[in-house]
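Structure first, commentary second.
In order of appearance the chains are A, B, C, D and E, and numbering begins at 1 in each one.
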Amino acid sequence: MEIERLNQVIRGTVEVKRKQRVDIIVDNADIVSALHSLKLFGFNQLTLVTAVDWIEEQQFEVVYVLYSNAQKVVAIVKARIPRENPEIETIEDLYPNANKYEVELTEMFGIKVRGNPDSGKPFLLENWHDLPPMRKDFDSIKYATEHYEARHRKENND
Amino acid sequence: MTKEYELNIGPNHPGIPGNFSLHLELEGDTIVKANGDSGYLHRAFGKLMEHRLYLQNVALIPRICVIEPDINEAVYAMAIEELMGVKIPERAKYIRTIILEAARVNAYLFGLGIFAAATLGLYTLMQWAVGDRDYMIDLFASLTGARIYHMFIWPGGVRRDLPPKFEEDILDWVKFIKDKLPDYDAVFFKNSMFLHRTKGLATITKEEALSMGVTGPNLKATGVAQDVRKDEPYAAYPYLDFEIPTMTEGDAWARTIIRRLELELSLNLIEQAVKKMPKGPVWTKMPNPFKWYVPRGDAYARVESSGGEYGFYFVSDGGAKPYRVYVRGASMPHMYPLAEKLLIGQKLSDAPQILGSLNICPPEIDR
Amino acid sequence: MVEKILLAVLVPLFAFLVGIFLEGFKRKMVARIQRRYGPPLIQPLLDIIKLLSKKDNISHGLMFDLGPVIALSGSILTVFFIPTPGFKLLSASGDLVALLYIMVIGSLGMALGAGESGNPNASIGIARALTLMLGYDLPFVIALSTVILKFDTTNLYEIVAAQSDLYWGAFLMPITAVVAFIATYGAMGEHPFEVVVAPQEVATGPMVEYGGKHLGFLMIDHAFHIYIELALFTDLFLGGASNLGYFFLKIFGLHILLTFFDTVYPRFRIENAVRFFWRWPTVFALIGLLIVMIGG
Amino acid sequence: MEKQTKNGSDLKEKVKEFEHGSLISPLSSAKYLFKKPHTLQYPKETKPIPERYRGFHINDLDKCIGCGNCMSICPCEAITMVDVKAFYLVSSKEGTTDTRPQVDYGRCSYCGLCVDICPTGSLKLSKDLIYSSTDADTFVWVPAVEQGREIGFIQSDELTPLVLDKLEMSELEPDVRKKTFEELILGFSKEEAQAEAARCLGCGICMQGCPAHMKNPEYIQAIFDKDFNLSVKYMLEDNALPGICGRICTHKCQDDCVYNYRGDAVQIMWLKRFATDAIKDYSASDPVRLPQTGRKVAIIGAGPSGLSAAYYLSLMGHSATIFEKNKIAGGGLGLGIPMYRLPVYEIDKEVEHIKSLGVDIKLGVEVGKDITFTDIMKNFDAVYIGVGLSYGRAINLKGEDHPDVIQAIDFLRQVKVEGRRDIARKVVVIGGGNVAMDVVRTVKRLQEVRYDDGNTVAQMASLEDWDILPASKEEVEGALAEGVIFNPAWGPKEVRFNESGKIVGLEIKKVKSVFDENGRFNPTFFEDQIKTLEADYVVEAVGQMTNLGFIPEDIAKDLKYTPRRRIFIDDYGETSLVGIFAGGDLVETSLGNAISAIANGHRAAIGIDFYLKGK
Amino acid sequence: MDKEIEQGYNEILESLRKRSLWILHYCTGCGAIELPPTMTSRYDMGRFGIVPFVTPRQSDILIVTGYVNIKTLRRIITSYEQMLDPKYVIGFGSCSINGGIYWDSHSVIKKLDSYMPVDLYIAGCMPRPEAIIHSFKHLMELIDTGKADGYRRYKENYDFYRKNQRKVLGKWR
């Protein structure tokens, strides 16, 4: 197993974080090609796709976690994309189970996924008109207080 | 018989494992299209955790998956321990293993019982299995103080040491379940009617399973011995002697039998762990909860749940609260796209079996 | 005349009480196998009272309302035709052919009513019920023919009379008896043939939209149904009985057996169920018929 | 390895078992028809509830101090602290509040974190979790100890999220420190300070105990966050002299700290000291300064209360002028506190900081002598009197007018300001307070420096016994370690002289009781139990008094006093005379320590501001 | 006189009715995990004639097992309206009373009784089987004394409930 060789196949930084964990940081444009190479390299399972909202840097970090069944290594592929009009390319053709993760990405972060026909369809939420809820600038406490009334607590109930 | 129906199954439908629904398009009795509809249990744990201190989250996270809450606690603790570079005491590792395996047995007993009742109409197994599971729940209550949401595994180890006589009690329970297993086998697992209904049903191949990110018993049923307990051992698994059961058929029957075998394996693991458990402390001191900062960084912690690989992708910005947590439930790929694909071309009456055999846990999808 | 009216009340009452007792007993027995105590014996009665006392606020049209009534009246009518020791009400009573026709009324009423509800589950359930009927009716009819051939009569009273002194149909035609038992089992819709109601698949099928009083009627109908199927089998193969107590005991024994099977087998797929009935029971029914034809 | 392969083959065989079904095997379940069901027939039968069960709360209201940590840790916001005075008699002990936790069982998740965090251990969970009601509002109540509710989940001593043990402060070894006037507390390193700050729960119950109500949780949090400027900013909001308080404060806050119930209090004072030491000057930490108003305020006395008043007045935009009779600023702090506790440079640092805001400190100007009080009244818009108790109080001891019998305050001033280094070999200090401690430890140091043969004695005689000794524990322990001899519960009788008029000893008598039954100071003695302490020098450290002689008679006659002969002031420090404010040790609300004086000064500054605005 | 007879008749009915209660089989939240143990052999609530049933039409009790997501709320209300009178609602655990641990979630309602009448609340997170049986006994008592009248309240205050439902669900029908 030559994880070190990953450097030659992938444009981006590869760092062996610890045993069984590899961090790979790539550019937005290289996500699909990097994942493609990784799949050829043996990372045949897609564990999850998600995003992190780095609001101070005005960026989203899209995270793909892959698993190599043969080498027993988890690769975490990260790419930063701008927070304004975020868009990524779909990887559904590479990993069929990416579909719903990408749908979730659109729903929860507002990141558009090009090439995913379901992107933008409601998945977990129904009738949602506010900001995508997992964004840092969406204040769920405020939303919950405004929309769902709470029980007024009587004091000194004994 | 080519009349086309559209049929919504669920969310309040006994054939559906939990609160979610299926939108089916039928031609006669045959499913031509299946769409899952999730979100009935969506609580946005990722967001809720961002509001809470690290210790407060210990109370929150078991609620993600009610069938097997302890995996959440374990995986949460593991993620934080990795980021903080904390080593946990040996005894805590064993206690965690015992809890996780007992919870797994509970999940299997519950899941198989419900599977038998809610898909095949065999209520007897459910009545037995869920009833027998309750003794372990009582033991959990004596160990942790609560029946379902234990909030017992926390970063650094476990919350309390074992109560007196717990080792004997749990061994008694293991023996009790082992004695009951032949009955379960007789009435369900070796019942020709069950074989008849599940053999050859909804078969997946190894390649399909791998490409869709399928894990756990569903993958083991296709012949891949992938199990986090072996691949990336956590808690006390490195010290225990066990073999991952696999089957090659990949159908609903194999998936069910794998779970039956796993059940037995877990019972054996509990026995081993109880016998090997050393004395000593059970907790590495963690900071004061109000000033508990976790160093900046990210970690992906994973464990083997009863459904498959269960993980937290955990990001900390160095503050007192998690910055972002993504919960990777094992059921997500099992439902989307696996179940949606498997249902196509099947009879309506088999839909509950297929869903049941995949052991889909809706709260894991909705979170 | 008074006697007739009295009988017209007493016979269904007896059937109902037996049915409801068996239903209650079934729950107790199932519970026992499942290592619990189960509801009290009169629970089915309580359920029916509860259901009848409910306020209906939903109707899906006249046929929907009539369905359970037709089903129930069909069942009550059937009861009159089944020989019960000590009661003889109608002149045609006991005629096997007439009985077979009347027995269908109940299912038909149910089908009509449920079809009206517009719920796809109900339609599927009805389709299943009719399909299943096709399934168990084939071996059952062959078995009946065998019986008719054997005793050379279509009158149940005569059949019962012919079986006196332990010359039971079951001993005379064991194969046919087993087949008829299985068919009866199918007709009662218990596991593994519980495909019509199948809560997990079609959410109680035909009954999906029925609640309250409608469901109450259906449950009464079910009690009759149990009685009818078991009484018929008793009359055909277990030699009927000379008095009510004896008759009841035979039914009771049969029911214990049925309940036990119900508890330990999962459900068939509908097409499997039909295929099952058309395969072995039918073949054996034919063999039984052959034996009778050859052996006289 | 052998075993593993065996397991593997076992598994394969096991799988084979399941490959063929049977229609007969299910029938074996018939055996249960003849076995007793295992149903637990609740409510007829019950099962025992385990020891650790987490049910409804039980709260020992007497033990509970209302600190609110349970509320802060609750992940569901189920707990609110409510005022329980209406139905419960709350103790008025310091460090407690009138509130008790009220639990909303429409929120509670029964996690037990509140129990684990509870500092007093009053909160527990019960074994009872059966309650149903038609009214959702009845799910909120204040838990108490209730009949029939058994204790379930309780906290553990070892496995607690609290960090019970304090970080030991490093200090000079007794053998070293008794020979030097170097500061004996070495202070925290950055890591130590953070570790100690990390212990704070942030409940803020300590703020009540502090006379100045400093924002302890906030500045400790800032220390934990390594933002020392912010930390000092929080301090300066209520305390103009944080660095000094970080060294010599009586730290009432630490006495109230909730950790006292289960472990060691957070060392708030040392943390304060660390933060002020960590930044060179406070200019980045000053709270918002208001624009100049042009009003002038005179402040008499540059003690802690005067400096405090001046600081806050200048923050509010008034110009403050301080008149100090001594050559150095700081009042009692500058004159009386020994160097090993409070180095001079620390006072200078704080005074310079106050000066940097434009406060004019006129040193060596004694009101009544160099400038008259009337002039001040004429030239300034308001006057603040903070002259403190700058004169030692005599106890009318026989022979006390001897030159070798000295008042503590004079002695300390001589040592600190005038550089006195001579000392007798055998010294007795009368008194048991912190001043007495300062004196005796100073004496010890002087002796150690001057006589290197070790043939010296420094001892003290106090009325109070060990258990009621007013001096702080740390001081007593420090003194004991340095070799000071204690004579507690002995009262002074008279000073003994030899023929040449030199002191030879102090005769003392055994104390029967210090306070009478009403709790008033009224010592009684066993007149027959008498012993003599050898001494050739006696220091009286039993109290101080003030001298308001600088105020002209016609003004002073309207000045009201409290029954205990302190100046009467209202809530904002104003005396019975319009425009004249007072604070510090002069007034009764002061507890005779620096932090109270600082707090008085702050209060008075606010009062003066109101007064000036209204004028 | 007629009235008294009717009343007496009703009383008898109520006392019989309470002995047969069918639960709608709908796992709305995590509290549903404690229902199977209560239903099955260990606690066997079938002893009191309480069994799960499949469709709303057949059921008497709607158990709201814990938190209610807005997506679920819509289905619960539909199910509730489909049930036949008299019908009862049991709010299970903390979440149905005041939001529970999900008080700050953007998709979970806090006060169930704003949207539908609730006859009985059970404390706990989640209530243990004993508490569930206890509460069923309590509900039986309420039915016996005619106090479980949520379905009547729903009709009387229909506008109030509808307004609240609209507030969170939008104009959904």
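Keep in mind that, in the parts below, a residue touches a chain if its C-beta (ideal position, glycine included) is under 8 Å from a C-beta of that chain, and two chains touch if they have at least 3 such contacts.
A quick note: this is a predicted structure, and the numbers were derived from the prediction, not measured.
The set of chains touching chain B and also touching chain D is given as A, C, E.
By number of C-beta pairs in contact, chains B-D lead all other pairings. Distances between chain centres, each the mean of the C-alpha atoms, put D farthest from chain E. Among the chains present, the centre nearest to the common Cα mean is that of B.
When each chain is reduced to the average of its Cα atoms, C sits farthest from chain A. Remark: chain B and chain E have CA centroids separated by 29 Å (rounded to whole angstrom). If each chain is reduced to the centroid of its CA atoms, chain A and chain E end up 39 Å from each other. Chain A and chain B have Cα centroids separated by 23 Å. Computed centre separation for the pair chain C/chain E is 35 angstrom, with centres defined by C-alpha atoms. Chain contacts: chain A has residues 125-126, 133, 138, 140-141, 151 touching two or more partner chains. Chain C has residues 31, 33-37, 199, 203, 263-265 in contact with two or more other chains.
Within chain E, contacts with two or more other chains are made by residues 25, 40-44, 47, 54-56, 71, 97-99, 101, 103-108, 111, 125, 128-129. Every pair of chains meeting the contact definition is listed here: A-B, A-D, A-E, B-C, B-D, B-E, C-D, C-E, D-E.
Within the complex, the chain A residues that touch chain B are 20-21, 44-48, 50, 52-53, 63, 65, 67, 69, 72, 74, 76, 95-97, 99-101, 108, 122-126, 133-134, 138, 140-141. Contact residues of chain E toward chain B in the complex are 24-30, 32-34, 36-37, 39-43, 52, 54-56, 67, 69, 71-72, 75, 79, 101-102, 104-108, 125-126, 128-129. Residue ranges of chain E in contact with chain D, taken from their complex: 41-44, 47, 91, 94, 97-101, 103, 111, 113, 118-125, 127-131, 133-135, 137-138, 142, 147-148. For chain D in complex with chain C, the touching residues are 23, 26-27, 29-30, 32-33, 35, 37-39, 41.
Taken in their complex, chain C has these residues touching chain D: 29, 31-37, 260, 263-265.
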